[in-house]
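Heads up, the next two complexes both have chain A, just with different partners, chain B and then chain C.
Here is the complex of A and B:
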């Protein structure tokens, strides 16, 4: 596999490691980390569908393209460049917020003044060397040894975004990270890296959205890591509303500490190829994880949600609810794992996954997994797949609402349960409209 | 669990109470090659095509690798260290039940095994008056009248080669997996059942009535064919603890149900699970699969698994005929160091096919119990319906329970439901029982039986009663 074009590209991009301290002219920790990433990426190669975690997700149709790499770097002047339409939509919906934009890898922060206690800084080799907190959080949770695309991202890690919330800071404004790409004639590879460190008792909403435009394929291998300290609450929203050209493979990890909570919303309302890996580690007692997801797909769209909730110590709680609606020839995967370690007694973990198939050609694969190594636990999962109830449609039709509209309404109602979990008003409204539009039910609902 | 261990020790030391007699044995050297397969085939007077079939399977096996995906852990098996042919051994015979170890008799008593059956199991020479052979003959006459064929597969190869040739390997191809290839190459014997058109088999067929089937060895092959409109219920195994000198067991079971036919296959497996450290237990690597080939056909698997050090088995149904039904009911108990990775596959192909999965796992000690199942709805399977329920019960804080369900739906008219829960026996439930004078051990047995009732109810009556007691015995010593 090492002769593969993508592997070669990555190999050429990673400079040889000379070791030593950065200040002494050496290469330091980040460089060593990149070497590890490269080594792991070469070792694992591109995953085939023989790989259990990639059983339903075939990356080969696009992985062999001749990609040009758009590295991450910081440049404030790019803030004014015109936005991809769907990105502007999200921005408008959020109202006042802190905007971080990554356009073809170039990072700019658009906020007149950051609130006290919030830092948005560049991840540099010097920072990794000098800042113990950053060094400890970086790559702490990201599964570099198990996921080839995390290894790829780590190998290419030159620059990145560090978002740090000071102790006790309850951020009022949401932070929006907009990852935009405008491809030209050549396929483009981007590998953004975001590190979020929430100190004790901090609270924040983070929205991450991906938007692609342009004629060529964009391979987006984003890695986001959260370190959620004691009693902190972080709510994370990932919106996938990519165009036909995007191939998004993202990995999100969160380490949640004592009495803290991490909430994730994986909102896929479009995208030719979206793979979300989400791993939440409840690494101290009484930590909580909430994982919600919506996949509303049509035509030939594809979304694969892989989640892992790792209960490491006692008294942790997790809840997971994913709903999918598949129309056209779209297909989806849900692979949810609840892992309860031997020490994690008194765990409560619930997972449910429900799917509506709207067209005869749509497909779904689900694998809800429980791996339980402790006995005093309450764990359950449920998964259903079906279609809109004929009797319910009849009810609407007998009241003068036509079949398509009835179907749209029922579908909308089915998905609302998850959308309503979003606490940011602007974002929830945006999603509601976006969903209604996709279901062609706007006229009836609004 | 002490009693179980004592029991197994007792059962294993069969020579202690018996007369030593010269045991006739015919052995091949260890190892597997073309000549061994030719020898087995020749010994059984098999037709030429059967030998070729075996050799082809062997060639395929050579290119295959042992599966590593199951959630079990065991030292590698040396396939060249196995004797692939041993003629049936004669067991030393006892004169009456008085000579049998009282511990064994106590267990039989607990299981409620009938006296005559006890004698056969304990190796007592059967009374002339109450000759089980005559019972057997009576049954065989009755079956023959109806045109039912029920005999060892090696006999079927001589008397009905065309039937065997038509069906063998059609449900589980030789190259299906590593162990099915091995079994196809070297299978020693097994059962063959054919139910003709429109016949409802009047008795439950069980290997108990076919004396020679008890020595079929480690590579058993079973083939059951239910022709149009027929019905058969087949029982495999036995609740009494079984000790076997063969560590590796790789059986293949194939079921074929034609139009409107129904096959009910029940298994109670209680092989030696190994000692407390898991040493010496049996590895049970079985491929079981049925095909509902015709319209309105039905295949139902019921299994109660309490034995074996390692269980690796997925009784499956291919729902090919329109309106066909597949069922899987399972109770898997693991204790001490036992490991089980078991479940089912339901492949929906025909229109309006239905499947139901009820799996109840119980883990105690330091055992690992996994459910692994696949529900697959193909694009052509209009109107498919599935319901699965996989519950796990944990007893003790060092065991594990795992669920790996795969749901693959490619037809929008399908309704698939899956639910799973994992929990331990509630303190409140135990307290309730204690309060009413039921000790903890009996309370656990009571609760476990209630938990497994849905599956036990599917077993034929006598079997169900024994299985219920078996569950209680298997879990003895796991609490308190």
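Here is the complex of A and C:
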């Protein structure tokens, strides 16, 4: 069998030599990590639907294209970066915020002055070499040995973004990372890497959005790693509302330490192909994870949410609520794993996943997987799948509200429970409006 | 005078089983009609067919609503024209507040009449005023529609919606079921407060007790898909004493 084009592309991009001291022109830790990434990517190859984790997620329609690669380069002159794609709607909704933009792989930071205690820095070989915390977070986080696209991202890791919050910093302004890519005649591959280190007691909101444009496919293999130290509180929001040309495969991991809390909102309101892998490790006692997801899909859109919550030690708490609405020929996956390890007594872990199918051709695969090895725990999961209730529609119609509007109002009501979990007012309103617009239910907004 | 509702030889079936076997009923402005009858006689079917529930197939007859053929209209058009059905089992709708629901409904009706939507402040004032009719606390406005409401609260909410929509003909489908005596009094006084010379009410009930509060001009007994006896309010009292069996026997003999 011939070598896959994407594997070949990655192989050609990774320098062959490894090791040596970075300051002496050698290649150090980062280079070694990239070699590991490449080796793992070659070993695993492109996942087929025979692979359990990719059973319903077929990447073959676009993975074999002839991609060019837009590397993550760092643009020191932050203000001069051109707006290739407008992510303006998100920015407007957030009001005052700290903006990090990755424009065709080039990072720019737009904030007149970063608040004291916040660092937004380039992930360089030198930094990885000199900063043990960064190095440790990098190799501990993403599942490079299990997920081929994390391995790909790691193999291509020349540069990335490190967002570091000092001890006790409660960041008032949200941070928006927008990944904006414009393809030309050739399909384009981007592999942004973002590392968020929240030191003890720090608190922050991070919003990540993806915007692809141009005539060809944009394959976006973003990897985000969170290290959430004791008593820190990080809220992460990933918006997928992308164009027809976007193919997004992202992996997010969070290591949550003692008394800390990590919240994720996976907000998919559009996208031809979105795969979200999210792993939350509750790795010290009394840590908490909150995982929320909205998938509002129509036409031929696709979203796959694969989540893992790993209860490693006692007294941790997790809550997971994913809701999906599927119209047209759209389809989706919810795969939710919860591990409760033998030591993790007094765990509380709740998962629920609810689906509304608006069309007979829409499809969804829901798979809760709970592995519980401790005996003194409270765990539950629930999954429902259904159509809009006919009795409810008749009730609306008997009050003068026509069928389409009734359906829109009921659908909107179904999903608001999750949207209301968003604590950032501007973002919640943006999502509310976006959802109402997609359901043609703007008149329902009061 | 055009009747508000004129039902002629109405026949309807569900799953090929005929439930209504030729109903005739005329309701004029200002009147209150009570429709009584034992379980399974077709009372709720009649309410459902009038409201346009699609589970039923109308197999014959006609229903003129203010002179217009009702059976050709969709359920929402019937509502906008001024027909109101108070549900026997109001549906719980999580995620839609009572205020949003009522506001959407009222504005649809106003649009139909060529009126502008109400201003939010005026609307809120109107809602509070109409809620007072059925002694409903304004806090219900922000709660999900009927979700977690008690039986009595759900029925009061139905009458509140009726008050907001201001129908020409209101059909109350066993609104008394599941109500304690206080709730019954509140619901009935709400209905009475909405009576006017140019509207009418059709009360469907098993029991006489609701009719102590909402006093009917006419009482009809439905049995086996037909109205087998009509009379004034004394008929309801007679039924309360004698039950339905004597009427069933008479009807069987006549058939």
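Note that in this section the second predicted complex is superposed on the first by the 431 of 446 C-alpha atoms of A that agree within 3 Å, B and C clash if a C-alpha of one lies under 4 Å from a C-alpha of the other, contacts with A are read in each partner's own complex, and residues count from 1 in each chain.
Methods note: contacts are C-beta pairs under 8 Å (C-beta built on N, C-alpha and C of every residue); 3 or more make two chains touch, one makes a residue touch a chain.
In this text the structure is predicted, and so the values were computed from the model without any measurement.
With chain A as the common reference, the superposed partners chain B and chain C fit together side by side.
In the superposition on chain A, contact is made by A:410 with chain C only, not with chain B. Legend: residue contacts after superposition of the two complexes on their common chain; A:368 is shown touching chain B, with no touch to chain C.
Put chain B and chain C next to each other and count what each touches on chain A; the higher total goes to B.
When the two structures are aligned on the shared chain, A:391 is found in touch with chain C, with no touch to chain B. With chain A used for the fit, chain A forms the apex of an angle whose arms reach the C-alpha centres of chain B and chain C; rounded to a multiple of 10, it measures 70°.
In the superposition on chain A, A:377 makes contact with chain B only, while chain C stays out of contact range. In the superposed pair of complexes, A:399 makes contact with chain C only, with no contact to chain B.
Across the superposed structures, the minimum distance from chain B to chain C, using CA atoms, reads 15 Å.
Of the residues of chain A, not a single one touches chain B in one of the two structures and chain C in the other. Of all the residues in chain B, the ones that touch chain A in their complex are 69, 379, 392, 394-424.
Those residues of chain C whose C-beta lies close enough to touch chain A in the complex are 51-54, 74-76, 78-80, 84-85, 87, 90-91, 93-96, 99-101, 103-105, 108-109, 112, 120, 144, 161, 165. For chain A in complex with chain C, the residues that touch the partner chain are 389, 391-392, 394-403, 405, 409-410, 412-414, 416-417, 443-444, 446.
Residues of chain A that touch chain B in their complex: 52, 342, 345, 355, 357-387.
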